[in-house]
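Next up, some structures in structure tokens.
Shared between the two complexes below is chain A, which pairs with chain B and chain C, respectively.
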Partner chain A sequence: MNKIIKKTTLLLLAGFVSFSTVMQIKSKPEKYTHVTFETIKNAVNELGAIKQENQALLDMENLNKARLEQLIEASKKGSDNLIKNYKAEIEERKIELGYYDVKGPGIIIKMYDNDIIRPDWYDVNFDVVHDGDIQIIINDLRLAGAEAISVNDERLTSKSGIQCGGPTIWVNDVAMATPFYIKAIGDPNKLYASVTAPNTYGDSLKEIVGLEASVVDEITIKAYSGDRNFKYAKPIKEDS
Partner chain B sequence: MIKINKGYIVVGSVTVLLGIILSLTFKTVSSTLGDSTMPSQRVQQIAVELKKEKDLNQQLKTSNDELEKKIREYEESAANNDAYVNSLRNDALLYRSYAGYTALTGEGLIIDITEPKAIIEIGEGLGIANNTDLLLKMISTLNAAGAEAISINDKRITSFTEIERAGGHVMINGQPTNTPLTVRVIGNSDYMNSALNIKNGIVDELRHYNFYVNITKENEVVVQKADKQRTFKHSKPVDEKKE
Partner chain C sequence: MLVILIGILIGIIIGYIFPYTYNPQYSLYISVSILACLDSIFGGTRAIMEDKFDTVVFLSGFFLNALLAAFLAFLGEKLGVPLYYAAIVTFGGRLFDNFAKIRRIIVQNLRNNNSKNME
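Right after this comes the complex of A and B.
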């Protein structure tokens, strides 16, 4: 009797062990990894982005609160503070819009066509600085926090076009040709890295055309001299 | 006595063998999966966090809207009392609108850019995230044709706008977005339309990469304002008179 109990226990245990072994072997790893690394990366990216946006909104809220407080104060004590605030805001907007020459630390990038002599069949397009190259370099500089940028002393604004036109490139409706000097004010190390670090566009471009970047303690970037007036756009009344 | 011992030894060794096999399979399964259960957990965790941040985002937006409304009321009442304040306010509003901090409306174009479904399923390599340079080119083309205000999926293009690839989507002004893209632009719609549609121009290039591009002219295009204000750390005006 004792023997039978022992043997059945053993049998049951063996059955259990083999069953779980089979389950282990049969279970497909993919079953549990519905979430790929890419999905996680995207989710993390999105989270990071929204956090950043929230931070910006929070800053904006604080700014608005401070402004409202000043306004309330001004309404009690007269408008001196208010006038000061408006003047400060106008100044800041004017710097932003490029009304003034500005100076600060930054970098100068020189881009020029490659003057290697090529055989006739060679497509010289590869040796030339294109509008797209400058657009991407400028985008990279903005990503690195550039505060003011100029191309051959033409200050860039939100309305600047950079376009090829025959042998020249047009910036702000001014024609220019190689070499191009791009100046940018901002954190010099970040700016420098954004065009020279491995895997940046600037770094790969260096293999094709001429590109030299140098950090400068203080550079001056000229004001934007063109027209800013709107012909077509009107502000939307925000009363509601 | 001895016979029973032998049986025990056999059973014992078989058990040990099974134990080793079991632990081996466990180990291999967990090593092929990496942190197998972790990822899904992590994703859930991120999803919860994301929801929280989105709620906060909404909350902040409404709070900001309310604050701005109040500010406007105060500004208006202050301006009504004082002509100088009024003129300063008008100046400030003008510069704000130049810099992109005001929503604008006017004649212009609405450009829809979509990816065909089949291409999305093929996967990487063909999305707009891989072609952010085309967006830069489009902005540049529009600007050269006299665009006055541009937004992409309601993200206003300012003088600080950067367009960046982040995984499978695009970041504009630090905010994630993806196709379908709606570009709203104010300006001379005929000039801009021709500039976009010129042979070998940006529309051709987009189509070459299999994007669907649809351009419509409208009399009342609305371009939203930028929702981030820029501050300056490094730049100073050169003119000494300006402090």
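Right after this comes the complex of A and C.
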């Protein structure tokens, strides 16, 4: 009796081992690389991000469709209505182009040179805020969805440039010196994160020169005051 | 011995017929566990041949060794050190050990039979 139990146990377990081995072979592990949980988590995150992006694009499509619908409706009711519609849109675009002072929630970033007294041989370039630093910070803010940005109250438009001028920096043909106050209107949390989150440019720049970001409930950003004329670019009009 | 061969054969057949496969995510753990189980099977065979087989010892070793091996693989992944090497080295080494002993016993049996026939 005892012997039968022993043999049955052996039989069952030997069967179990070969069963799981075969299953393992069938799942073809050589086709897969060995991944850690970390990689899987990253892949899942990436997938989530792509899905989110996809959703955003779909939303955008719906929005545009609705807008088209609206225009068609308006055109049916007569040209006055259509003109009104376009005027509203022009106003919106003017905000984007910096024609008006705007206000809203956002952040203010103060960037300033170090005022540490260094020995003569020390390269002063390590202590000053460069045009490139400001460009990258502004780029980060734009990517985080900033709707209006100004540097020391110079509104940035699509024609703006930021250039090095020795100890100063030129923005929109206006020279300015440290400290630089960058104001940005948009989702304050996103904007704040875009310059202070670990591994962002702002976060690493903080170790080298001064950079302080603060969330503000309401800031005012002035309109663009410079030249708006186009000398060379002429629009190509489509005849419809 | 025969029992084990039959068991292995049955397992292979069922495994091929069975329509499901593991999630490849767990393939490392299962591989290491299989090694531990295989070691137990060899150990059990040897114990039967030496007449020292104990069902409880065998069963507990079978499952607990497999679990420990899988746990080592898991822990190693968390710590960033491939700890499952420990399981591979131990069980792999014991596998050969057990196999060597089984071989000796079989050879001894054959020789005894031969000498009986000679007489």
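Convention: the second predicted complex is superposed on the first by the 160 of 240 C-alpha atoms of A that agree within 3 Å, B and C clash if a C-alpha of one lies under 4 Å from a C-alpha of the other, contacts with A are read in each partner's own complex, and residues count from 1 in each chain.
We take it that contacts are C-beta pairs under 8 Å (C-beta built on N, C-alpha and C of every residue); 3 or more make two chains touch, one makes a residue touch a chain.
What you see is a predicted model, and the numbers here were worked out from it, not measured in a lab.
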A:Ile5 in the overlay: touching chain B, chain C, both, or neither? Say first, second, both or neither.
second
Figure out whether A:Val128 sits in contact with chain B (first) or chain C (second), or with both, or with neither.
neither
Scan A:Met60 for contacts with chain B and chain C and give back first, second, both or neither.
first
Chain B versus chain C, judged by how many residues of chain A each one touches
B
For A:Ile108, select first, second, both or neither according to whether it touches chain B, chain C, the two together, or no partner.
neither
Who does A:Thr21 touch here: chain B (first), chain C (second), both, or neither?
both
Of the partners chain B and chain C, which touch A:Ala233 in the superposed model: first, second, both, neither?
first
With the two structures laid over each other on chain A, which partner does A:Met176 touch: chain B (first), chain C (second), both, or neither?
neither
Shared contact residues on chain A - chain B and chain C
10, 17-18, 20-21, 24, 27, 29, 32, 34-35, 37, 40
Which bits of chain A are touching chain B when the two form their complex?
10, 17-18, 20-21, 24-25, 27, 29, 32-35, 37-47, 49-54, 56-61, 63-65, 67-68, 71-72, 74-75, 79, 82-83, 86-87, 89-98, 100-106, 131-132, 135-136, 139-140, 142-143, 147-148, 156-163, 170, 173, 185-187, 220-221, 228, 230-236, 238-239
If you look only at chain B, which of its residues touch chain A in the complex?
11, 18, 21-22, 25-26, 29, 32-33, 36-37, 39-40, 42-43, 46-47, 49-50, 53-54, 56-57, 60-61, 63-64, 67-68, 70-72, 74-75, 77-78, 81-82, 84-85, 88-89, 91-93, 95-100, 102-108, 132-133, 136-137, 140-145, 147-150, 157-164, 166-169, 171, 174-176, 186-188, 222-223, 227-239, 242
Would you pull the chain C residues touching chain A in the complex into a rising list?
3-12, 14-16, 18, 20-22, 24-25, 27-28, 30-31, 33-34, 37-38, 40-41, 44-45, 48, 53, 55, 58-59, 62, 77
Chain C partner, complex, touching residues on chain A are 5-7, 9-24, 26-29, 31-32, 34-37, 40
